[in-house]
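Before any comments, here is the structure.
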Amino acid sequence: MNALGMLAMTALLGVPAGAALLLVLVPGYRLGARLNVGATLLSLLAALSLFGARPEANAYLRVDDFNLYLIVLNNLVSFTTSLFSASYIAHELESGRLTPQYLRFYHAMYQALIFAMNLALLANNIGLLWVAIELATLITVLMVGLYRTRAALEAAWKYFILGSLGIALALFGTILVYLAAQPVIGQGLPAMAWDQLLAHAAAFDPALLNLAFVFLLLGYGTKAGLVPLHAWLPDAHAEGPTPISAVLSGLLLNVALYAVLRFKMLMSANPAALAPGPLMIILGLLSLLFAALMLYRRGDIKRLFAYSSIEHMGIITFAFGMGGPLANFAGLLHMAMHSLTKSAIFFTVGHIAQARGTQRISTIRGLTTTHPALGWGLVAGVLAIAGLPPFGVFTSEFLVVSSTFARQPLLALLLVLGLLLAFGTLLWRLHGMAFGESQGANTPVRSSSLPLLLHLGLVLVAGIWLPEPLVRWFQHVAALLG
Amino acid sequence: MALITDYLVQGGQMLLILLLAPLLTGWVRAIKARLLRRRGPSLLQPYRDLLKLLRKDVVLAESASWLFRVAPYLIFAAIWVAAALVPTFASGLLFNWTADLIAIVALLGTARFFLALAGLDVGTSFGGIGASREMMIASLAEPAMLMMVFTLSLLAGTTQLSTVAHFMLTAEVGLRVSLALALLALMMVAIAENARIPVDNPATHLELTMVHEAMVLEYSGRHLALIELAAALKLLLYLSLLGCIFAPWGMATAGAGLMAYLFGVAAYLAKLALGGFLLALFETSVAKMRVFRVDQFLGAALMLGLLGALLLFVSRSL
Amino acid sequence: MILSLLLSLPVALLTVSGAAVFAHRHPGRSRGIYSATLVLSTVALCVVLIHWLGGHTPATLTLPIGLPWLGAHFRLDALAAFFLVVVNLGGAVASLFALGYGQHEPAPERVLPFFPAFLAGMNLVLLADDAFIFLFAWEFMSLSSWALVLAHHREVANVRAGYLYLVMACFGTLALLLSFGLLAGPQGGYDFATMRAAQLTPGLAALTLVLALLGAGSKAGLVPLHVWLPLAHPAAPSHVSALMSGVMTKVAVYGFIRIVFDLLGEPMAWWWGGLVLSLGGVSAVLGVLYALMQHDLKRLLAYHTVENIGIIFIGLGLALAFQANQMYASAALALTAALFHVLNHSLFKSLLFLGTGAVLTATGERDMERLGGLIHPMPWTALAFLIGAAAISALPPLNGFVSEWLTFQAILLTPELPQWMLKFLAPAVGALLALSAALAAACFVKAFGITFLGRPRSPAAAQARETDRYSLAALFILAALCLLAGILPGLVVDGLAPIVGLLNGGAHLTAQHGQPWLTLAPVAEVKSSYNGLLVLLFMALSGSLAVLLIHRLASDVARRGPAWDCGFPESSPMTQYTAGSFAQPIRRVFGSVVFQAREQVTMPPPGDARAARLEVQLQDPVWDLGYAPITAAVIAVSTRFNVLQYLTIRRYLSLVFGALVLLLLGMVLWR
Amino acid sequence: MHDLGFDIAHFLAGGMVVTSFLLLYQARLSALINVFALHSLVLTLAVGWQAFIQHAPHLYVTAGIALVFKALMIPTALHRIVRRLGIHRTLEVVGGVGRDMLAGAALVALAILVMLPVTATADPLAREDLAFALAVVLLGLLLMVTRQNAVSLVIGFMSLENGLVLAAAGARGMPLAVEISVAFSVLIALIVIGIFLFRIRERFDSVDMQAMDAFREERRR
């Protein structure tokens, strides 16, 4: 069993890394795209096999209740995104926005990104985690700038600067955690290993831990797009290739948040340390309200949904900040649901932008008439992300709002205000785009609806029924998160 | 045996009011003529008019629908039933409990509803004017009426007219401001509902200010007869109502025997005569008001009714 | 057992929805889908009726879906059963109507998949027994009806209506969610049984009430949360409008009753009742005044929904006020009145919307100013619509009158209440109720008179044809029920007794079926009584007697001739009174105060052949005072914040820097 | 010995803070690059000293990396870039140098205040070192925030990274993997920056970030 688990874990890192190297060498975008899909499928299978055989943790890597579902989610979404990407880039190539060399680079980078994210999730070492996230940041910077337009370069530049700053802050926090751990655990690798840290967290110096958490929250929070550290996020989403927007929103934000949560566990394990809750609540509410307001004046469809991602990261952060079994459960669920839904939305948005030749919302009208599949896909996605049943986001928002209100009515009111503001504008844009008389350019697109259907299907199922093991893991992790 | 008597008395009342209604109209007209120093028609002239109309052919407008032909019967039936449910010479009749005061008001509403529809049916502008104004007047008169009902029910603890009449006969009522306000409200509503001066003029045509007559402009023959009869019944109904509530003296109780009934009838006739006289007197002494003053008139009635109800609370709570 | 049967019906409906998606090219799909919904709704109706008549012991069921540690709880009690009857009756009749009406649908692919889902959603709300499933189904219901509102999305107004609808629905759901959050407590006792057992402090209970009022009220269309309703209900296809107005608003009422009367338990303060009462009164009057100003038939009907919801809430408010003072007998009367009106409104509002649907099919118009004279080509539709109009205008002997009469009787009991505020409030609300009833009659004289009577105002109206037999059957089933409920109110009241008892600590009205002649005497016969059956009989007797005698003894000849019209015959149909002119006197009386109505006459100079124009401007005070400022504020704030999208990198870095310094400072100070 | 070791470490870390202030003080781009080289040199010394007193040979590697890359190669490359772009003469400072210095002093105070509550059980060396490292990090950030030019922004960022390395070196026994990755990241960062500066030069006429920001979608809305 364990051997299988180790194999799977190795495959999760090895397959993307190998594929990245291979893809650099492969000419021809068709083959590249297929290889890309194949490699992600392999990773997905490896991730799934972790359900059956969970490997023992070693000094560098580990699989536990927390990261298992994120790993599976990560590889699932990267698989579906690679499917989407295959149909997306074909169109980009035809329309001349990308050249075959760039595509080679793109595919290799895609696999490298998956490698980095898998590494971040699997890491049993805070240093390794940091390295992985830095790697992911650098790769995404390159991918955001892929189109080489002025706007894309500017977005990438902004992302790079802010991302590096975040990374730097996170490194400082990591060092501080090590310093806190070192007198208790001793020098060397064990003082950076999750399982060790968690086991001994109660004995750490609380002042160092507090300081570390501030840096880590700001550092990884930048990557998670929390306000006021969010500035890179909307532009990076809007100007990069859409598959990357999907991965950014769906996966990378989660990975960053995952890192924050890991450190939150340490904080909760140390009774003398500052309670991280209020900090996260403030940042979460700030993100939610700010993003909800920013949604109103957006004219670019991808930027719109990028702000929606900030909003949802705010909700999740808020939920974890509230803590308690219900809110934590909701936060964990919301991470998964948001990632599936938001990437599904970007799938449709990508094709919509191709079909209409624009990302301007005001020029997109009547999608459900001209492109029923895309239009209704967008409708379903937006409704799901807005937290309407029968989709899973509803479950998590239900838990967050109701459990908060019984404890902190004022906070819940702010939360609800943010949710309503966001509803208001997202739905307004949706109505404009999906309904009414269609206008403007109208190219038919070859879109594969499998990724979209798969994501929305999963979100739908989760809205109605959650599998027993998943619930058990969530509850376990929720208890650890305090 | 008693049951049969009850049926007879009830039937007798229905017939009585049907027969008395044109007479009351004639009486009011005669008094008005007298007050204006005219000789005026005979008291029986309304009966003659009705009989004549009944024998005449009906001329229907080409655009009239089935509703136009059904409406007179419906209106007549609704008003007759409503009038029959108001205690006249005796209270506690067999079917008095079929409807309380609220239901009687609503029955009148049914009649008005169909009358207004009939006014709209032919598709002429006069019909529309009448229907529209009638409904505007009713929209204020009906709440005023219900406020009056409210005051009464607060006092008497019931909306059942027979019980109200009984209650009013007892000494414990005393003289109350609320009651006076309610009386005033009811009289104002009665004037408005029966299309009397100053709200409307029952004796005019071809005037842009007419309301009731404008609605029935297209009616002829037996249909017109029924509507006229219904209008007369309605006037009778309101006078009976005023009598029953505010002057229940002489009213026989259920199963009181023939003498009591006869005495009750006599008292009832006297009340009607007095009411008709007062109405005529009032009508000759005021001028018709503009249509758009009517809402102020009726708004005042509504306010009086509400004030009556509220005052009652105050006086009770003190 | 019965519950699993009832639950399988929504599932079957959802399957039908799915089938509708996949069969979107099949020619007979419309008929097939509607037949299926008809059958399923009828089955549900029968099952619930059998259950109801056969003892109504509550049935519960828990399924392993929904929240994992909770499961999905379902329960069928008397309250749910009653509303299930309302929903499935409406569903069945609407389906029957749609068998004919659906043939004319221009975009069936946007109606068929959502119609069964809508029905399923409403059924599930009523069966839910925990907060999660309740809200899930509630929102699902909103969502499916939203899709139906957008069925004709090419009209710009409909898109706006759909948007407003969905936002308000979300608002309502969030309000309900918050109120459930309070009921459930921090431990998350989301099932209704736990909530019933929980004890809230008075403050929290009051908050729950307010939130439930916001949540259910926004769905039901209570002023000032009604703004979406008159836009959204008319936008949907007519049979859906009928369901939304006639049935879905009742589900909202159910939500309110379930939370406030059932879960929250006894009201803790008298002002609860006062609040609900005044909102109800305001809704009743404003609703009907709005309706009077409309000339779109469906919008007029939608505004009347606001009015009738107001009447229902007046009853509920009275019940709360009575319960707060332990006057359970009086509360029973008020509750009976409210529930009776729920049933009645669902009947006649569905009837009227379906009638409008028939008109729409026949003429393609729902603007009254372009209709007229439809009683000639469509006599049967006209008859059914007339019955509905009379019923909603609270005219005896139809059903609308009975429930308003009961409400009045409840108001007449308010002098017994000890609180001064309520003593003053109740008569005032009584006046509002009376005003709304009278105005409703005026409004329906207008609606029926302008649409069906007179002469056609457009070629479309002139060429109308009678509607199909399915539609007629649906119309007449409802019309018959309106009449039946009107003349046999005692039976309905007895049927409502178990529900009233459930919500009212066991107290309900005395059994009515023992009364002679099926009279309705809710308190005692000496106090008040009403017998619709006898009124009908007397009217029928006297009316037919008059017909008989006159036709026998006097004259039965009728000739046709041109209209007399005081000597101006043969004028053009355009000289008829229009909807706008009909409402003018009332607009003058109320409009200048409530709507700041302004009339502007443009008269061409003498010699100019152009038509004179009269323009009326109305302002919705609720929109102006409530929604417009909110919208403006949000836009203003977001515009202000929007600057943050265009900062330089340096400024963004400053933000991060500032956040870091702030947090570090905080840490220093926190020590 | 230990005392001396501590003092020298203290002196070197303090030297880094002073150099950071020098960075803040510079108004010309080429001078800024030179001071950055000095900054890196002090870092090299500090890390080297840490390696010596901790007996941690792997820290010498870190020191070497700092010397070679940050003190020599990067300044050289930046000089070249700056000259090629023709911007080596100008460097506008937002606000004023005096204000920046004042803010810097406040930041240093903040850094020390923040580190104060750390319990005495922690390694005193690490504690002092950390306070200085934090000060360097904050000063680097301040530099990034107060300068408009992309090159000075990069320098600010790298001085910040120097602070990080200082902190990492001060942490006793911190595994080598991290240091290497730090160095790596700087390398990669430099490459990317180079690419970007190159591209930016290609497409924009100046490296002034405001000019870049002016170009933005939705600007007018």
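Going by the order they are written in, the chains are A, B, C and D; count residues from 1 in each one.
Heads up, the rule we're going with is that a residue touches a chain if its C-beta (ideal position, glycine included) is under 8 Å from a C-beta of that chain, and two chains touch if they have at least 3 such contacts.
All values derive from a computational prediction rather than experimental measurement.
J.: Which is the least count of steps on a path of touching chains running from chain A to chain D?
T.: 1
J.: Out of curiosity, which chains are bumping into both chain C and chain D?
T.: Neighbours common to chain C and chain D are A.
J.: With centres defined by CA atoms only, which chain is the most remote from chain C?
T.: D
J.: Whose Cα centre is nearest the centre of all Cα atoms in view?
T.: Located nearest the centre of all protein C-alpha atoms is chain C.
J.: Identify the chain pair joined by the greatest number of C-beta pairs in contact.
T.: B-C
J.: Averaging over Cα atoms per chain, report the distance between chain A and chain B in Å.
T.: For chain A versus chain B, the centre distance works out to 77 Å.
J.: With chain centres taken as the means of their Cα atoms, state the distance from chain B to chain D in Å.
T.: Centre-to-centre distance between chain B and chain D: 98 Å.
J.: Taking the mean of the C-alpha atoms as each chain's centre, how many Å separate chain B from chain C?
T.: Spacing between the chain centres: roughly 35 Å.
J.: State, to the nearest whole Å, the distance from the C-alpha centre of chain A to the C-alpha centre of chain C.
T.: Their C-alpha centroids are separated by 43 Å.
J.: Going by the contact rule already set, what residues in chain A reach two or more other chains?
T.: In chain A, 157, 161, 165, 169, 207, 211, 297 touch at least two other chains.
J.: Can you list the chain C residues in contact with two or more other chains?
T.: Correct list: 642, 645, 647, 649, 653, 656, 660, 664, 667, 671.
J.: Of all the residues in chain B, which ones touch at least 2 other chains?
T.: none
J.: Among the chains present, which pairs are found to touch?
T.: Pairs satisfying the touch definition: A-C, A-D, B-C, C-D.
J.: Show me the residue ranges of chain B that touch chain C in the complex, using the header's touch definition.
T.: For chain B paired with chain C, touching residues are 54-67, 69, 73-74, 76-78, 80-81, 84, 95, 97-100, 102-103, 106-107, 109-110, 112-113, 116-117, 119-129, 131-133, 135-136, 138-143, 145-147, 150, 153-154, 157-160, 163, 205-206, 217-218, 221-222, 225-226, 291-292, 295, 302, 305-306, 309-310, 313, 316-317.
J.: For the complex, give me every residue of chain A touching chain C.
T.: So the residues of chain A in touch with chain C come to 157-158, 161-162, 165-166, 169, 207, 210-211, 214-215, 217-218, 222, 228-229, 231-232, 234, 274, 279, 290, 293-297, 324, 326, 366, 368-369, 383, 386, 388-390, 394-395, 398-399, 401-407, 409, 412-413, 416, 419-421, 423-424, 427-428, 431-432, 435-437, 463-466, 468, 471, 475.
J.: With touch defined as at the start, can you tell me which chain C residues reach chain D in the complex?
T.: Those residues of chain C that touch chain D are 642, 645-650, 653-654, 656-657, 660-661, 664-665, 667-668, 671.
J.: In their complex, what parts of chain A are in touch with chain D?
T.: Touching chain D: residues 127-128, 130-131, 134, 138, 141-142, 145, 148, 150-151, 153-154, 156-157, 160-161, 164-165, 167-169, 171-172, 174-176, 178-180, 182-183, 186-189, 191-192, 205, 207-208, 211, 238, 297-300, 303 of chain A.
J.: What does chain C use to touch chain B in their complex?
T.: So the residues of chain C touching chain B come out as 372-373, 375-376, 379, 382, 386, 390, 393-396, 401, 405, 408-409, 411-412, 415, 420, 423-424, 427-428, 430-431, 434-435, 437-439, 441-442, 444-446, 448-450, 453-455, 519, 521, 525-531, 534-535, 538-540, 542-543, 546-547, 550, 554-555, 557-566, 568, 571, 573, 575-577, 581-586, 588-589.
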